[in-house]
């Protein structure tokens, strides 16, 4: 692509999203918009509903109402596998490494949904640990290695919108740093990223905007350039 | 020499089908210390924990506890000696109340655990001590709540209380703050600090701000072997550690709080 | 702060709750007891005894499965061993009183249980189930081949004899009250075990075994004890059954019997005290009633249908579902 | 004299398992035919039937019969197929002094060491079966025998009876093998039997075991290689299942065959109308024994087991099932047996046209003489 | 003639060959069971019934429609497979994620139901199915007479086993299957239609059983209960091989056929017990079976 990504193109629009696990009502009307090439974070305390928001976008929660448009297409009635085929890559909170597959099989498992994904070599260069252990059983990796694998896996598929849940969890600081570089590069390539992070230190320099989630609702939207000004407000929300 | 160390490993090795996960590790944990084990992912930290508590069998090497060789003891026996671990994923008895969870631990010392003919009411005398422990971790009002219904952070607190009920001499904690928001992290730091009074703690932790606040001594593992050892200052200044673990800015911190390691040290 | 007061308050509340639960249990037990005492006047006593024997068998099984989390697929071995041993002794040694025969049968089943446990207790999950199945198949093979069991023909004409040498068990009512007494004693024992300090450990092991290990429990030993007690009670059920029916047969040793007790327990509600009793009553009744009526060719398919429905709609079993319902609607 | 003015009959048989087709639900039909033919009443007393599936389990049998006699006032139990069931049932009948008419069981021990004054063994037994086929085959020159035995009491009894007959006729048993009960795959045993080089391979088993063994023998070319298969306990339903193509030439002993004479054909036609199948010897026995029982009750005006049994011993059976069949004091009903051979497909004119009767074995030759009996009722 | 432990060499080799033939059946059946357990975590107690259905359908199709053996070889497993998909869709799907024991109970119920209904319709004496003409007869191997049909069974069963193993362990589809059973939700999130995959897998597993049933039809008596005794033996085979291990199920199946064959020669009474003895011994030393991954 010779010119930068079309910042005005609306990749994701969530409106009035409610979600339920059985009897319990978790999301109470989430509204958010993410444009192509943007990186936004969802911040909030434990249990605020950030993971649930991502899962709801993937149609992986019990029941949901409202509207979710991906690339302008309404997806409320789509099965999860259709949503993925729209170019959405999801990296779950609990990693989801498959123990019956070895590292390489895990890595090549998700079907390619679009062209332009990373090649296996690129991935191995980025995460040498994975290369070294590529024939081990997936779940025999250390906690952090599994986290790398979970992230690397969706970079292959060519998905152009990534939903990333706590990807720095349990990673050594060096690796976290490297992940930061990766995300920056992906952004440059025009990928849209929704990042759920506990580690604000990591998210801060990367994000264009931040949404603060509390009790299943978006309570605040903060642009990167407003961060200084709204720091104390943010600290309040995050209970710091 | 040995008296000053509660827990030592001598040339500890663990191989998985030819892959050396722990390579000739000599750990010396001083009595009363909070000792951290840090290192890059896959360095072998969890494996060392598993070896110490016999969830894995060492390929070679020795484990000494207060000078005594415990390499051949089984998990349960090691726990009864006072070496007790917590788990990376929360480990509670989900369908018991918080109080019952603690009583299971306290019961170990009652010597009536095989008494299938005794009335359950016998255990009521443990309630007092159990409540004290729940209180210590701020769970008093959840005593009668079934554990599955507790929030994640509270489960971890309960687990810690259960572990403390064992009156451990040495406490092994594997990433106690993993998956917690900054609020909970601070709570756990306090918990560990108070739990550590009069005991020894060995913990694995990636959150360097926690490490810097809590730990007296740090061992850095890399590729299964000990890279260096020392206090936070020394270790964090080591260029090799910065390279393999901490990264360029060296702070390696998490959470929204920007804590200055130096001031944390001073606070102790 | 007045935290100590809060603590004792909570403690009191907990004790109070325990007592309330105990009272509830007492009432249920009392009602059941009255029903059981009166039952032989309304129903055919031998049939009632059959139910009681199977109920005891299911209770024994449930101690292991429902309360310890170990699925044994070989419990028929104990039922049969108890039955054959008692039958053999009572038939061949006329000097023995009935209760001595029963005690001996139970003892042999207990020993066999210990043997099973030593060989199987370290296996996990489905492998545990399969080792117990395999061992019980070997026991089955032994019984088929042994002369003393009468092989396929079974062991017939076991004398009921005299209890303590003077109560005539040929009389169905005497026999019934004897069986009932043994059943109640065992039921209370299991109730006690489940709530005992030991029972707490079993519960812990069932819910999170590695954690129990890390708290210093040698779980294999606890499991072994549970297995042995369960085998003993199953053996006792078999011994009683052989005396009631004056017959011991391969039926009791067949793997179908091991399967049947699983079904009884699940249909009644595993992990509840009363569940296996209700389940055994239900299954024995259904099999019996159907085999009498016009649907008798359809016993198997109907049972099959019942299991399907149980699994799909009443997964916690009859008692389990009632408990759930009560919790929901009566607080 | 007739208790509560009803004659209550219990029909106990395998309704769902291995022996379903040779007795089973159709046996109940045969029993009902007898009641209808008798007019539904004896001496003004109503005849009632209860029935149950014994599931081939002595356990079920014992509890069912116990309940019938203790609780439901059943006077007579008919059916009784598997030996284990029969032994269990007759033990209880003896205790409560009721009557059993054993129509399906084979083990000759039922009127030998297991005899009781409370039952009659009606149709056939292992002794009678071993007289027919083995004698004929040995006499035709089949001198060396290899026996495949179902590894349980009935098979053992059969094996012992056959061995005696073969040896007394100058034949020789060159080997035997006991297979688990039941067995699906006989290839290994057939192979061993083939390797033994015996003239005759005898099947001391029943039901599915027999049909399986015969099918496998066919596949392995046993008969082409010159060996003879001798089925010892073969029912019409088995042959029907095997088909004439596989079973042709098979020699067997039977107590009765539907196509022997007009009387048998007349009754079988009625049976076929009711059930859609031709009767086995067990079905016929159930009918015949029930009729004889009703006659006894009518004649004596009592349903007391000893009175009835005494009458039945004094009055020979003369009906479509047997001519001059006599009930002995050990409870054995002795009557003529028949040696039959399965027709070839070309000779068979219909689905159920299966046997040629080769020889009649006279009653006094067919059954174990009282002089050899170990039954406690026989005073020597 | 040379003897081995009192048994002529020729007889012994014959028994070995018979053992391999039976082993091929075990392999086919345990393979289906292992696929279903390994991939779906369902303990399929209806497996014996599906084997029986394969044979019954073959016979019924022949009697009613004159469908010949070769067509039945495809059509019968297909019919049973579709039936399996229906069962998966309406019953098993509802208990996905529950404890194993429920799938065991449910499928056991299904087996009882199918067996009971068919018993009431067809009786248990066995239906007749004649050997296809081209398989009549056999070859003399010197030490034994090998019916052509048995030879065919070995060849085709091994081919099917190998094909299945290859598909599951070595192809992309196989890796989807393996992964889908661990976390089906996540697999869906990757864009894979997991529910369909699960239905098809169950259908495929029971198809293997039904295929064995068709192979069995000409040589065993076809009855509604023909599968019920086989069931636990096949379970034993799967456990010895290591639950969920596809290759393990195949190799163990054949090995057990041989061991059973040898037992039938030396101590026939124990033939039905020997597999369980082997199982106890194997699990003593290898807690997760011969080829099982550690738990």
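Should a chain be cited, it is by its letter among A, B, C, D and E, assigned in written order, with residues numbered from 1 in that chain.
The definition used in the following text is that contacts are C-beta pairs under 8 Å (C-beta built on N, C-alpha and C of every residue); 3 or more make two chains touch, one makes a residue touch a chain.
Protein identities per chain, from UniProt: A = Amino acid/amide ABC transporter ATP-binding protein 2, HAAT family; B = Branched-chain amino acid transport system ATP-binding protein; C = Branched-chain amino acid transport system permease protein.
Just so it is clear, the structure is predicted and the values come from calculations on it, not from any experiment.
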Shared touching partners of subunit C and subunit D are E
Starting at subunit A, fewest touch steps before arriving at subunit C
2
Subunit D reached from subunit B - shortest hop count over touching chains
2
Computing the C-alpha centre of each chain, which chain sits at the greatest distance from subunit C?
A
Taking each chain's mean CA coordinate, subunit B and subunit C are separated, in whole Å, by 42
Centre-of-Cα separation between subunit E and subunit B, whole angstrom:
49
Go ahead and note the Å separation of the Cα centroids belonging to subunit A and subunit D.
77
CA centroids of subunit D and subunit E: separation to the nearest Å works out as 36
For subunit B, residue numbers touching 2 or more other chains are none
Two or more other chains in contact with one residue: find those residues in subunit E.
116, 119, 269, 272
Touching pairs here come out as A-B, A-E, B-C, C-D, C-E, D-E
Which part of subunit E faces subunit A closely enough to touch in the complex?
175-176, 178-179, 181-183, 185-186, 188-194, 293
Subunit E residues touching subunit D - in the complex, by the definition given at the top:
8, 10-11, 14-15, 18-19, 21-22, 116, 119, 123-128, 130-131, 137-138, 144-145, 147, 149-150, 219-221, 223, 225-226, 229-230, 261, 264-265, 268-269, 271-272
Subunit D to subunit E touching residues, read off their complex
16-18, 20-22, 24, 151, 177-180, 182, 184-185, 187-189, 191-192, 194-195, 207-208, 211-212, 215-216, 219-221, 225, 237-238, 240-243, 245-246
For the complex, give me every residue of subunit C touching subunit D.
44, 46-47, 50, 144, 150-154, 156-157, 172, 245-247, 249, 251-252, 291-292, 296-297, 299-300
Flag every residue of subunit C that touches subunit B in the complex, lowest number first.
3, 6-7, 10-11, 13-15, 17-18, 189, 192-193, 195-201, 203-204, 207-208, 210-219, 221-222, 225, 229
